[in-house]
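Structures for review follow.
First chain A sits with chain B, and in the next complex the same chain sits with chain C.
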Partner chain A sequence: MATTAKIEVRDKNPVAALQTFLAQVLEDEYVAGVLAPRHLNDNGALMPTLVTDPAMLDRVDPLAPAFPFNAAKTLVKLTNGEMVNKVAAVLKPCEIRAFVELVKLNQGNMDNALLIGVDCLGSFGNTEYLNYVKDADPIASSQEFARAALAGEESPGGTPIAKACMACEHPSAVQADLSIGLVGLDIDDHLVVSAHTARGEGLLSRLGLPDVAEAPSRAKAMAELVKKRTAFRDKMFEETNEATASVEKLARYLSGCVNCYNCRVACPVCYCKECVFVTDVFDHKPWQYLDWAGNKGMLKMPTDTVFYHLTRLAHMSTACVGCGQCSNACPNDIPVMELFRTVAARTQAAFGYEAGKSTDDAPPLSVFQEKEFSEVTGGVD
Partner chain B sequence: MEEFEPTIVAFVCNWCTYTAADLAGTARMTQFPNVRLIRMMCTGMVDPKYVIKALLAGADAVLISGCHPGDCHYINGNYKARRRVKLLQEILTGFGIDTRRVKLTWVGASEGNEFAETVNHLVNEIRELGPIETRELMVV
Partner chain C sequence: MANRIGVYVCHCGTNIAGKVDSVGVAKFASTLKNVVVGRDYKFMCSDPGQEMIIRDIKDLGLNRVVVASCSPRLHEKTFQGACQRGGLNPFLFQMTCIREHCSWVTKDFDEATEKAKHLVAAAVSRVNYHAKLYHREENVHPDVLVVGGGIAGIQASLDVAKSGHRVHLVERDASIGGHMAQFDKTFPTLDCAACISTPKMVAVSQEPNINLMTYSEVTEVSGFVGNYQVKIKRKPRYIDETKCTGCGLCMEKCPKKVLSEFEEGISMRRAVHRNSPQAVPNIPVIDAANCLKLTKDKCGNCEKFCPSGAIDYTQTETELELDVGTIVLATGYDILDPTPLKQYGFGRYPEVYTGLQFERLNNAVGPTGGKIVMKNGQPPESVAIIHCVGSRDKNYHEYCSRTCCMYALKYDHLIKDKVGHHVKIFNFYIDMRCFGKGYEEFYRRVQEEGVSFIRGRPGEITDQAQTPEEEGKLIVVSEDTLLGRRIRVPVDMVILCTAMEPRKDTAEVARIFGISQGMDGFFLEEHPKLGPVSTATDGIFLAGACQGPKDIPDAVAHASGGAAQAMALAARGKVSISPTTSWINPDICIGCKMCIGLCAYSAIEFDERRGVSVINEAMCKGCGSCAGHCPSGAAQIKHFTEKQIFNELDGLLMAVPPAPRAKEEEEPVKAEDTAEAAA
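Up next is the complex of A and B:
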């Protein structure tokens, strides 16, 4: 059973309470730095920032409904290699789940990180977020957003959160060492922090925060949130399946794609160091294009578009955590998250695998059994 | 309209199915001529994108055939191939590509007969299934 402690909130300022909590974490010296979302200036722009001096926590804002990119990739840079000291990382649940996948792909190192997850109430797309903050104080806007989202508002400030977030059935980070709870609580009164691992327990007990019992309101509100999001997700799967039910429909779905590959650059679990689609494997010769055009009387340029997306699905769909950064990055508003998640649900189910759930489950394409999937070989093992 | 004749691209392992195909030929076994053989060193090196490319380019089916379980010359390439075929079937079926269009079989070096049967069976199956959508459609 997880130990849960209370983070007192003063002056109706939960972000300040989280900053104080992170200052305590730094002062404890188990970690040498904290990676956390921090506003770069007063216009709201926010990036994961590695903070070592508690005085620099002033603009750190774990409640910001912003998600510039999936910081699991940043944490890879901060943990992959020999380290004397650990870093703590304040992440969204989908960032933690992506990091879990990257650890299994030997790109990130769990031993060097202390993961602090925060309940996620959803985020805006990058441009929507800056519009939401406009000229207001960014931290005050985040708190306002959190209050509205916790009260069940669908579009706080008139802007809907990203579709990936509406379809996300993992709003809390149970894979983290520590998780900070907001859902089901009055965040102007207190927040909770729970430890899920031995080192999380250790840190929490050293910080000496008051213990608190899990409020029944929290479990209930969490169940309701998950239910709402799951329903949205399932409807999205249905609609996407329908919209891509044939190759012709799939090509139509992707017809705005300009092969910029932003979706895979933004994808935390697209794990290849160099994508084959940018290598000379795809530097075709002029005569090849003419040949291909000759086959059907024409050839769409650039080529290798549906081919790219299908190949990407073969690479990452079993690891897709549904973070939606692919859609956030697409300059042509192609609903790629919907497509990738829909296929991912199929492939992960086929292998009885859930991306990001645990470092104990091996990625499906990294293992095999002597007898399995005999339907693939016509019933012969 | 001309009667539909499927085009099948087959990725076959050098150590077993390729030899079996050779045997089927030299022993003059009867088999349909619809298959284009591509010789690989192991089924474990059939990259999913080879299969995807073939199907997008209008191949009506892809056959991957290699050594029986336990016989792979690289120990477990065929087991890995089986997971990849499972993965491909799951991805492609959602886009209307029937799982029968991606087939994996085990055919040992001495099984010329088996190879001819596999080909004939697959050709008949795909004749029944009809042409793949990408035969007419330009998708890249």
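Up next is the complex of A and C:
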């Protein structure tokens, strides 16, 4: 059973309480720095920032409904290789799950990171977030958003959160060393922090925060939130399956694709140094284009768009954590998150695998089981 | 500069041309991009066919060649050789299969012709992206490791040693000889097993080129063909091999008796023991689990009485490492334990024996001195021999153990010979399989000796008599399937012809040596017909019954085959390594290590300094597991690169002109015409 402690909130300012908590984490000297979302200036722009001086925590805002990119890849850069000191990282649950996948792929190193997850109430797309904040104080906006979202508002401030967040059934980060709880609580009174690992327990006990029992209201609210999101997700799966049920439909679905590869760049688990789609394998000769056009009387340019998405799905759908950064990055509003998540749900179910759940589960294609998929392999039992 | 490709379409007599318009396919090929010449010919693999390619390479300046004919498994090497003779790197050649994959499996002539065109287009598209590759040579360590000292291992060791190469023979047991040392006579010639095997055992011990290590096991193998490093565990004998004279006094003085494994549990041995006076080496071992000195620090008789001071209770397990070039596995077989076949009452009725127990009962140096007697000391008046116990039985082993019919016939004869002609013998068989040299003749001879053969698998052996003449007997309950009648046969003794099965630790041994097991559990050969002694791992060969049930002549022949394969590598001293291995581009590899776990040949290592995976080309078999998984394409198989495969696919998907629909009755005429025209 996880140890849970209380983070007192003063002056109805939960962000300030979190800043104080992170300052304590830094002072503990178990970690040398804290990676956390921080407002760069007063226009709302927010980026994961590596903070070593507690004084610089003043603009750190773990409650911001902003998700500029998936910071799992950033944490890879901060943890891969030999390290003397650890880094604490304040991440969204989907960032933590992506990091878990990258650790399994020998990219990040869990030993060098102390993961702090925060209950995720959802985020806006990048442009929507800037519209939401406008000229207001960004931290005050975040707190307003959190209060509204906790009260069950669908579109705080009139702007809906990203569809990936609406369909996310993992609002809490149980894979983290420490997780900070908001759901089911009055965040103007107190927050909770739970330890899920031995080192999380160790740090929590050193911080000397008062223990608190897990409030029943929290479990109930969390269950309700997950239920609502799961229902949204299942409806999304159904609609996407229908919209992509044949090759023709899939081509129509992806017809806006311009091969910018933004979805691949934004994808936290697309980890190749060099994508096969930028190699000479897809460097076709001029006469080949003419031959292909000749086969059907025409050839849509750019070529290989559907092929690109299918290849990406073949490579990464078992590792997809559903963070939705692909859709966030798509310049043509193709519902790529919906497609990737729908396919990922099926490939992961086929292998009995859940991406990001645990570093103990080996990626499905890296293990051989003699008796799996007998319907495909010819029924050898 | 554009490529210059020559395409050659084979008729293969009517094998291809009977279903494919080879002339039309060749014409179509000549319209493809970069194709300089497209020809058809009756038999491309013939000398004139190959000459045609060589001539065109020279006259037309071809720099790529495609042959559309049979499976590359058959003639790829032939045409690669032709290219090489023409001065072209053999990897600038591509073969496409329009026989097994096309003419033999397609009914419709036009459909087959169109398919052949697609296949040729694919090969042409692919060959554009072929690159020159070169075989690499590695040195082969001249020493050979033979694992297992049964008759197969002995034969392999002697063969290799005779060639002048050094052999390390590792035997798990305290003596070599294996199962054959337990036998009495051998079928069908009835020469005594010891008389023919002990000279070979002695030859092993006297052969200067053989380093015999008994009571030892291989624990680890690393390296690759020609360069294996082997770790060997030498178990403590507690007897100094250099001092022991084999006088046997220790065994006389040892007070501790346990059931003898060599005697198949039908008599006792001492805690210090050896299999027989003919054991090689003739040095006993002290069984640490039963020795009173080693378990309870009592007794010490053997040490007191040993005239040469060879007893050494302080010995411990040692380990040594060897370098060898090739390995011959001759680890033999186990006998199925018939206890689970409860209907036969083995272990319950004292007069039910396994075949091996009967061998010992019959053996001149066995517990009864070769007298065939029951536990009460009396000779049996009637004997039932049950064939196929655990063989040809899907509950145990589906395969036939291949030796039981013949040794059952041997028992028939020996019982008649030793106990007397009045003894009634009943063979319960499914089919008599007497396929070897002199075997059928032996069967006939035994039949004429008055032995009964009953076709049927007994359902039960019981001691519950139903009639006065069944009293005190074992009753074999069976159906005589030739008479279609249920029968009860009362006998004094029952012999079970128990199946030969894979050694209990076959899976572990397969893991150590990096080879596979077949469906039956025995080690898997490279090819059931054309590669029965080699394995999928280069430089590791099989000998004897570890590959599947074998009788002595077959095991010996198989072993000589394994020895010849090992010697071929050792004698040449070099091995050619195929260049179609994987290669991991270090600029693209991101070091996720997934390929390392997937490699079945342990051919990938991680370079910690550069953070990338690296292929050991000598160990890589080019199977493509790594390339198939690697999402970035950093791992690619040379000669099967993504570029080559994508272009092959592109060629396959190319639109080809449809073949004109031929009229049904014209089909054969057309095929013959083209074949003749080409000839």
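Note that in this section the second predicted complex is superposed on the first by the 380 of 381 C-alpha atoms of A that agree within 3 Å, B and C clash if a C-alpha of one lies under 4 Å from a C-alpha of the other, contacts with A are read in each partner's own complex, and residues count from 1 in each chain.
Following the convention adopted for this analysis, contacts are C-beta pairs under 8 Å (C-beta built on N, C-alpha and C of every residue); 3 or more make two chains touch, one makes a residue touch a chain.
Just so it is clear, the structure is predicted and the values come from calculations on it, not from any experiment.
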Query raised in the report: Clash or fit: chain B and chain C on chain A?
Result: clash
Report task. State whether A:Ala16 touches chain B only (first), chain C only (second), both chains, or neither. Result -> neither
Report task. Using the superposition on chain A described above, determine whether A:Val376 touches chain B (first), chain C (second), both, or neither. Result -> first
Report task. For A:Val265, decide between first (touching chain B), second (touching chain C), both and neither. Result -> neither
Query raised in the report: Looking at the overlay, what does A:Ala243 touch: chain B (first), chain C (second), both, or neither?
Result: neither
Query raised in the report: A:Glu274 contacts which: chain B (first), chain C (second), both, neither?
Result: second
Requested in this report: Check the residue A:Leu365 against both partner chains and state whether it touches chain B (first), chain C (second), both, or neither.
Outcome: both
Requested in this report: Could you tell me if A:Trp287 is touching chain B, chain C, both of them or neither one (first, second, both, neither)?
Outcome: second
Report task. Examine A:Gln107 and indicate which partner it touches, taking first as chain B and second as chain C; both and neither are also allowed. Result -> second
Query raised in the report: Does the superposition put A:Val212 against chain B (first), chain C (second), both, or neither?
Result: neither
Report task. Count the residues of chain A touched by chain B and by chain C, then name the partner with the higher count. Result -> B
Query raised in the report: In the combined picture, which part of chain C sits where chain B already is, 61-69, 79-87 or 97-105?
Result: 97-105
Query - chain B/chain C common contact set on chain A - result: 276, 295, 365, 368
Query - Residues of chain A touching chain C in the complex - result: 105-107, 271-276, 279-281, 287-288, 291, 294-295, 315-316, 362-363, 365-368
Query raised in the report: Which residues of chain B touch chain A in their complex?
Result: 48-49, 52-53, 56-58, 69-70, 76, 79-80, 82-97, 103-106, 133-134, 136-140
Query raised in the report: Which residues of chain A touch chain B in their complex?
Result: 241, 244-251, 276, 292, 295-300, 303-307, 310-311, 313-314, 317-318, 342-343, 346-347, 350-351, 364-365, 368-370, 372-373, 376-378, 380-381
Query raised in the report: Of all residues in chain C, which touch chain A in the complex?
Result: 33, 587-594, 597-598, 629, 631-634, 642-643, 646, 650, 654-655
